[in-house]
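Working notes for the structure below.
Labels run A, B, C, D and E following the written order; every chain starts at residue 1.
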Amino acid sequence: MATISLKKAGKQYGNLEIIRELDLDIADGEFVVIVGPSGCGKSTLLRMIAGLEETTSGQLFIDGRDVTAASPVERKLAMVFQSYALYPHMTVRRNMGFGLKLAKLPTGRIKAKVEAAAETLKLTHLLERYPKELSGGQRQRVAIGRAIVREPVGFLFDEPLSNLDAALRVDMRLEIAKLHRTLGATMIYVTHDQVEAMTLADRIVVMKDGRIMQQGSPQALYQTPANLFVAQFIGSPKMNLLACQPGASGLDLSGEGSIQLRVSGAAAPAHLGARPEHLSLVSPESGHCRGTVEVSEYLGGNTSVFVRAGKLGLINVSAPADTPYRIGETVGISIDAARSSLFDEAGAAIAAN
Amino acid sequence: MATISLKKAGKQYGNLEIIRELDLDIADGEFVVIVGPSGCGKSTLLRMIAGLEETTSGQLFIDGRDVTAASPVERKLAMVFQSYALYPHMTVRRNMGFGLKLAKLPTGRIKAKVEAAAETLKLTHLLERYPKELSGGQRQRVAIGRAIVREPVGFLFDEPLSNLDAALRVDMRLEIAKLHRTLGATMIYVTHDQVEAMTLADRIVVMKDGRIMQQGSPQALYQTPANLFVAQFIGSPKMNLLACQPGASGLDLSGEGSIQLRVSGAAAPAHLGARPEHLSLVSPESGHCRGTVEVSEYLGGNTSVFVRAGKLGLINVSAPADTPYRIGETVGISIDAARSSLFDEAGAAIAAN
Amino acid sequence: MTKASQRPLVQEFRLLATPVVLFLLVFLGFPAIVNLIYSVSDVSFETLRQPELSGFKNFAAVWSDSAFWQASWFSFRFGLLTAALECTLGLFLAIFLSPLIERRSWLMAILMLPLMVAPALVGLMYRLVLHEFVGPVPYYLWTYFGASLSFLGPGSAFWTLVVVETLQWTPFALLLFYMAYQAIPSEIAEASAMDGAKSHHRLWYIELPLMLPTIVVALLIRFIDGFRVFDNVYVLTGSGPGGSTASLSIYIYEAFFKQGAIGKAVAASVILFVVSFAVLYGLNFIASRRKGAAR
Amino acid sequence: EVTVLGWPGGPEEVALRAAADTYNAKPDVADKDKVELLFFNREGFWDKLQADLAAGSKAFDLNLLATYSIGRYAPFMEPVVLSEEAKAVYGDSVLSTMQYEGKQYGVPTDLSLHFMYFRKDLIDALMKDDAAKAKYAEISEKYLGKKLEPKAPDEWTWDDYAATALYFTQAVNPDSPTRYGTVLQLKNLLFNIMIWQSVPRAYGANWMDDSGKITVNSDAYRKGLEIYKLLYDNGATPRDSLSYEFAEANAAFASGQVAAMLQWNAAAGDLTSKEKSPTVAEVTDTVAPPAGPEGRFTHIHGLGFGLNKNAENKEGAALFLKWLSSKEAALIYARNNGAPALTPEVVAEVAEARPDLVKLGEFAGKYGYVMNGGTSAKALSVYELQAKEFTGYWSGQQSIDDALANTEKGMAELLK
Amino acid sequence: MMTALRWLVFAIAAFAMNFPILVTLSTSFKSTRELSTNPGLWVQSPTLDNYLAVFQVTDRLNIFLYLFNSLSVALIGTLLAVALALPAAYAIARGRLGERTLLPFIVNLRAVPLIIFAIPLYMMFQWLALLDTRLGLGLILTIVNLPLALVILVNAIRDLPAELDEAALMDGASRTQILFKVIAPVCRPAIVTSLIFGFITAWNEFLFGLMLTTSKAVPITVGASFFFAASGGGVQWGVASAVMIVGALPPVLLGLIMYRQISGSMTAGAVKG
């Protein structure tokens, strides 16, 4: 129902280039998640697609039609604002039903739909409240409710779950996934939550400074990041980077150890990337490198152990929750070579095997 | 410098009781994290402590002094608002320096402090912008900056990192931990992020409907939740609950299997709680129970496998990322009995061993 | 804002409200007391310093004076009509023209011009403008239609005054509404656009409700101003043939100066003050009750 | 110094200034007695003066005073002593316009009365044209109930005036060269009643008889009111006349669309100035107001200067007033646009420069009147009352009976 | 298309509302002679005589003094009114103080013809030596302006998110500091609006100017008629027009400078919700 595509779209505020010649094609019914550091232009991009922000260069197509200059109303998308933007003078019920009322649905249907959505969003008992009488998370849910009741062809979600507790967030995430399945609507979803990005996305788009750094399926991004930035950005806790250079037996880890890895291609590897969960703590003798435990963070399911490994710096190792290592203890770190990535001096990925 | 304690503190909006007879004692320099479902009264509690919301019953002491009726100014706390509440007519610099200016610090010192905080918060290049020219995450960081430059005796943080990307969030979390160490200030911190709660807290307070459900160290809450609510609320993905009753050989899992567990005490166990990471997938024959794989969510570091296990319902098992199980496949689930919890019919925990 | 945080702070708020109270006490306290005495006295310009108490005679005299009721009725009608017209027109112009004005504030200056001339002088100018022999309006009407209306004749004087007042004071409403319109957060308008609101929907469901407090204020102020109209009416029609266009202000002014009935004039003012205070108090009360119910 | 509060702008200011300058230049005037002029708006002047005087203002020593307000301000003013020449310069009747309860309160520097302004050209043409005369007779028959013949304005009765006004009205007589026969000043304003009351006066009207009984509810008043009503209702005056005062009436007359009007003498200057009234200046003439059964009358009132009871420099002020009432001052006044009503002997000295003053003096002496009670403390209020009630009748809001009854009642209240 | 329509509406509105001003402008350039022969808007032989008549008599009637007086009293009457109303408005809007009494009481002052206070005020001013002074008139105009300023400001402050106050409270600000450093800047459009209206009202006030001044502090509204009064209650329309135009210039200029301040939402970016 709605394909969305941007062709060299750009956005400037005065001299400030916020979005730079951005190309993006979104298929009908696709679920695209946009991630990127704070201030990289995600909200701006959504607002451009929505028609709320003028596209200062390039073009925007919806269903093949050039809508660069069209008004938001004509684009028929729904949006959840990062700042909610609820109507302060309307109750939750009227906030949510407003779009339907404009679409001239009969009152009965509006009531039914709003109540169904409120049910899903656990807002039923709040329907007669005004936004200022709600908690932060409740407001955010109203903002979601307002978008979903309308069942439009495309959704734009700007960090829609950021103020919800973990349990609710999981519920809502499942609801959104369900919505996507049942409506078959195209969805563009901005989030900072790795789990949301990983579980919801057909495709993840990683942005930085108004540019797309890489896009692809969650697996692809996680397993074969195209560059250092993506590698570090995707996955939490983030990937460890170990400075390295080609050595006698495979790769030399800044003199702190070495690892057997054959490199195909011309570029010389400069960084070895290894995710905490692909590292394990072993006895000092048996690891690829060693160091002393500096911090150990208990996370319930597991423990993050930060090991100071000389020139390699602080390395985060994901250990079992009941890990016996103590602060100050010397440990060895074993690297799962098959799952680590290599990057050249400029940060581009090198195919390793 | 600042002990904070609430004695039977309550808050009502008209007939609505938001906070109910709440007792809480916070030691000087303690880092208390408050968690709880959306709308349970976390922000309200912070606002009561700050003096922004009248305490309708009970008392509030800071450093032993009854401040129930004192103005916010007298309480000398700093707060990060969930809704940021930036001064729209001031630049980032002036927003952050406002409190210092009121405290009559010399301009030079203000400048230095603001710039140091901006550095920490990665806001240096935005110092001359107005709030409306910032992204959501940037605004949130300004709100944090405004609180921390003042170096007060106590901090109240209301979901301060909710709009930041994962990488930045980790950085900021570390900065807050550092701040806590260097200032030795008392901190009360509301968050929905399990990792933040686990890593920052000296003590976690779990709230529900304006009441405290349990409080204690992160480990204590994770490992020995006092009741079903806490058990399910702490930890993400959340704990699986398997209906059970005492059976011939230990516990009978609703007829879908059984597990060897001895129960001390009088109450009859009704639920067995097992976290996804304490379950593992085994061959159908060898598990404590079995079911068919229904959904499998790839999360990068690991994969959540949802197994439909007859009357036990959907069970979430945290499996290695490269788990070989396919959807529809029948698998066995093995439960780490030592790490599971038992609850009676009313939801209270039963000591198991 | 919640009642909450205030209790400890009432003191500070009191302090903030003090200057205005003191100012009024100093500058109106003495006159008000004198006036209250006058209102129950037999007093004229010769006996300003020795008023003779006469009970509520003045009030009775005002109450039974048909001219008082005629003037009240005129004021009421005039205030209501002009307030409604000015606010309707002002609202329309503020919203319809705001895209133009946003970029060129001098357009606002042009629309504000009518306010810049004292109403007394505007009244004077209208004596010229509407004059059958030297006024441009009748002149053009005679030239192009061969006849002119009698703008200030007995039947039309009221309407002419309404138009004159409306033309002069619409800019007042316009400026207030423009300010309120501009203050609407753009995000809320954006949200409504995403909800599929066309501009008329937005106007009706979002902008007008958000501007409602200002609309109420403008209506109130314009009603009060229309109600107490003095200068231009006085200059243009005197108090009208037979007092037919005497507003309450003119009634009081004439009682005060022309008839020297100081006690009566003051008594009329006291009645006016008490009645309008009661009305405002009542409105406030209803409004806050409503809000309370919404909770 | 001596401060004098007067009216700015008009001829009154020019004259007063000239007099003050001469006075200040005199060697025997002490520095502390030099005269300084203060001016204040005509609009609201009397109201302000009322407040000033009642509150005991010291802001001025001398102030403007008018016949109709003399009673109102007398309690706050001090009787004055005029120069010995005063009687000879002004004559008793003019001096009496500044008297209240037998005491002299001011020097009558200016006098106001009414002229009948008319279009010589039109009236002359009418009198020469037989067809027109027939039409005139027909119109007068129809509207006034009697056949009348055009007459020279000097010989008009009020009926003639009314007939002429109707004749020159297009609504009545489509052939009329002017749109309106006359222009009446019917705004709810006290000065307009002063103009009008010469009509009933010609029929014997007075506010009260010598015993103090109010006599407005009389045939004379009725007649006066009805003539105006007749003219207004038949369109002999613009429909808007109900909002007309001095300026509007002049403008109407100056436009050439009006044949005759009763107006203050002060309009003469403008209406006969080619510069200011090019259309009518050369064909406008003035006579005394028409006559009635009781004779010919013109309302007069004087404007003059009196002494504030709270004046700070009473001696100096008295000196100036004394001089102001001298012949020297009167002549300076006359030569500088002022309108003093002078005795025939004195006016002769300025007759060349100010022919209108001759008429003024003459009419004032011959036809001038002040209503019984017209200088009382409540005179202004009586005018206000009449203005309100009578305009109510003319505009059709109340019947003549009600208007007169209300007026009578109100006046009884005011003048008791 | 739409823009063209907007311009059309603007033109019509501007013309209709400003018609008397246009007539005044055109009249001010007409000679007395032309005035009685040409009622139209177009001036056949424009002349500056009327303006000269205003400016060349300063030894007699000093228009500059009147303008200066008006300016001073209007500034006192406006600034003082807003200075008094702002704290009170804040206390009313946020402190819920006097919402039921003080506010309607002050608003009511606008409904009552203040002229009834003229006599007692006159006596009081005489005693305080404030008669015929700019300060005295300015103080009265303050009373005249208070109700409107208060209503506008209360209305504006009620619209601001309360979190702004709260943030400032947490920052250690007193209510007064919040008022001047946070609230006042954020409700600038409302303050500017009250200033504009206050100035216009004060500039155009007539009755108190008439009653309370005699020579030194005469404002332009009162002084204006000094120029155009003619004999017998007549009006010199040309001069009257010229005076009016001159008298309207200062508020027009002031407005031009200030209207710019009214545009735009001041709270963008402050809170989310």
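Here is the rule we use: a contact is a pair of C-beta atoms (placed from the backbone, for glycine too) under 8 Å apart; a residue touches a chain by one contact, two chains touch by 3 or more.
Please read these numbers as outputs of a predicted model, since none were measured by experiment.
The chains that touch both chain B and chain C are A, E. The chains that touch chain D as well as chain E are C.
The interface carrying the most C-beta pairs in contact is the one between chains C-E.
With centres computed as the average of Cα coordinates, no chain lies farther from chain B than D. Separating the centre of chain C from that of chain E, both taken as means of CA atoms, is a distance of 15 Å. Chain C has its Cα centroid 58 Å from the Cα centroid of chain A. Rounded to whole angstrom, the centroid-to-centroid distance between chain C and chain D, based on C-alpha atoms, equals 37 Å.
Averaging Cα coordinates per chain places chain B and chain D 93 Å apart. Residue positions of chain D touching 2 or more other chains, listed in rising order: 43, 47, 51, 54-55, 247, 251, 254-255.
Residue positions of chain B with contacts to 2 or more other chains are 13, 51-52, 71-72, 83, 133-134, 136. In chain E, the residues that touch at least two other chains are 36, 118-119, 123, 166, 169, 174, 207, 235, 266-268, 272-273.
Chain E meets chain B in the complex at residues 161, 163-164, 166-174, 177, 181-182, 185-186, 188, 266-273. On the side of chain E, the complex with chain D involves touching residues 32-33, 36-37, 60-61, 118-119, 122-123, 126, 131-132, 207, 210-211, 214-215, 222, 225-236. Contact residues on chain A toward chain E in their complex (touch as defined above): 82-84, 86, 131-132, 136, 139. Interface residues of chain C, counted against chain D in their complex, comprise 45-46, 48, 120, 127, 130-134, 150-154, 157, 235-244, 254, 257-260.
By the touch criterion given at the top, residues 1-3, 5-6, 9-10, 12-17, 19-21, 23-24, 27-28, 30-32, 34-35, 48, 89, 93, 96-97, 99-102, 105-122, 124-129, 131, 133-140, 167-168, 170-172, 175-176, 178-179, 182-187, 213-214, 217, 220-221, 224-225, 227-228, 230-231, 248-249, 252-253, 256, 262, 265-266, 269, 272-273, 276-277, 280-281, 284-285, 288 of chain C touch chain E in their complex.
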